[in-house]
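Dropping a structure here in structure tokens format, bear with me for questions.
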Amino acid sequence: MKLSAVLFLSAVSTVLAGNYISNLSFVSTSYVEMTPLKPLNLSAFTLCMRVATELSGEREIILFAYRTQHYDELNVWRELDGRLSFYLSGHCVLFKTPELGPMETHLCFTWDSSSGAAAVFVDGRKSLTKIYRKGHVIRSGGKVILGQDPDAYLGNFEAKQSFVGEIGDVNMWDTVLSDSTIRDMFNGKKVERGNVFDWESTQLRTNGDVVVVNREL
Amino acid sequence: MKLSAVLFLSAVSTVLAGNYISNLSFVSTSYVEMTPLKPLNLSAFTLCMRVATELSGEREIILFAYRTQHYDELNVWRELDGRLSFYLSGHCVLFKTPELGPMETHLCFTWDSSSGAAAVFVDGRKSLTKIYRKGHVIRSGGKVILGQDPDAYLGNFEAKQSFVGEIGDVNMWDTVLSDSTIRDMFNGKKVERGNVFDWESTQLRTNGDVVVVNREL
Amino acid sequence: MKLSAVLFLSAVSTVLAGNYISNLSFVSTSYVEMTPLKPLNLSAFTLCMRVATELSGEREIILFAYRTQHYDELNVWRELDGRLSFYLSGHCVLFKTPELGPMETHLCFTWDSSSGAAAVFVDGRKSLTKIYRKGHVIRSGGKVILGQDPDAYLGNFEAKQSFVGEIGDVNMWDTVLSDSTIRDMFNGKKVERGNVFDWESTQLRTNGDVVVVNREL
């Protein structure tokens, strides 16, 4: 059986012509690889994105995957029960939040190794803080992809875990941003650009059958 | 059976290094005592805090407890049915409000003895005003604790009434603040510091197994 | 059977002592009469107020009543099914809106005879426009009351239609204000004072057992 899935990726640019979004649509065997600005050797991070999906019910959805040769270094999920989670090579940390849906939601995940403090921000509102993987370090040398869960190094995708919907404005920092910076970002104000991923300048390597659509912001 | 509960307390500071939150986690037999800036001899108050909890269903949660030798002078609750309430040594005043949940909520409780006017503000929005305990005065000489309901003077805690989640930014004034001041506070603007409790400078005496986490505001 | 109901009315004043609210509480046989600044001979209006109520379920609630000897010139209701409505001596115009509830809601009703355009603004957001009573004129010479539905000229009240909750900041203009002015008003900004009713200076004639409470805005 062939299962086809559509993923929209939004690439934001502020070049002379003004802001626009590039939408990319592809089938479930396709994915997009993002090239980081620096190695992902991280003892803290803030990872933000804008997400909209019409998927509902009991369906896992992968939102972000960073995998080295043998480990899922940082995987971000919407779990079967609707909770958001991330995994740092092992068990996950789970957050009860308002459900993702067809209207665009702004998400930021933060984690700091020194305290283990982990949180998620949904449309600028902070969740409960969880203590998770204190002292751990994310290792460099892997690949970041959107849209698929790589159970091996860039391969072994499963259509029923793929993302179907729209992801964009994906930015990452190697520090924990302040609450007010994240609220400003949700509200569309300019904040410091991501130093790990900067969506305005990031290189997207698309794999598979991809359609690009531009939309002015 | 041993029931363990986690409480996060957020201590905000604006010292030179910038704003940050100190989170404290402890088990259900632990609590935090707050030292006031002045005796709690009060004929009016505004009590504010930020709260997040994943507790749901039919569960009482104590948010703030001020007890003298024989009286629960001021106890603030989330009741079994989800309503917010406070007690001034006796029956309570109840407010229907949006439910507390896992995303951070800003709460302010106000009361004025001269009129009996009592209200709660949820994320800057005022509830219905209730008339409650006109002419009453809160007595000084007790202890304020977060996380437990002291049925005796600093003792007799019940795990099933304890707070599980995150409380922070707890400030108290001996007057009723204006609606616009409370809205500004919710929006993260600077307002006059609490003259009964000022979270930026308050002394927290933690009892039990406590973990501290700092986070930039 | 005697049914007692509590109504809080908020009278705002900006006299030297600063802004404050006067709350009035009374039983269901009581009401408040408002004295207009000019006769209510109106071919257009904007009527605004702040409302909070814990009433829910299938219950009609009268929010504003202007009646001449034989006609209900302008009655504003929350209908049985939760919709908002107003009546200009005859059938009503209905609006689907977010439900009124225990947290304070800002309402504005607008109507213009020349086009028949009628709308309601809930917390600054405009409803669908309806065409209603084009060419009609509201007649002067009646009485405006809050809290009761006068089926006769200042009499024949029904407890089950009375308002139970809090109404305040009631202002009225003989023109249709702009969307941005109404949004500013919701956000607490200063706008031109009502020229039919100005809550800051309006004379309230209370009838029945009334308690007054002051609160700073």
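Labels A, B and C are assigned to the chains in the order they are written; within every chain, residues are numbered from 1.
Following the convention adopted for this analysis, contacts are C-beta pairs under 8 Å (C-beta built on N, C-alpha and C of every residue); 3 or more make two chains touch, one makes a residue touch a chain.
Computed from a prediction, not measured in an experiment: that's the story for all the values here.
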>> Building nodes from the protein chains and edges from chain pairs that touch, which of line, ring, star, complete or other describes the result?
In response: line
> Through what angle, to the nearest 5 degrees, does subunit A rotate to match subunit B on its C-alpha atoms?
Replying inline: 95
> If you average the CA atoms of subunit A and of subunit B, how far apart do the two points sit, in angstrom?
Replying inline: 35
>> Centroid of subunit A to centroid of subunit C, CA atoms only: how many Å?
In response: 48
> Of all residues in subunit A, which are in touch with two or more distinct other chains?
Replying inline: none
> Residues of subunit B touching subunit A in their complex?
Replying inline: 8, 19, 23, 25, 52-54, 101-104, 165-166, 188, 211-217
>> Give the list of subunit B residues in touch with subunit C in this complex.
In response: 95-98, 112, 115-117, 119, 122, 125-129, 131, 176-180, 183
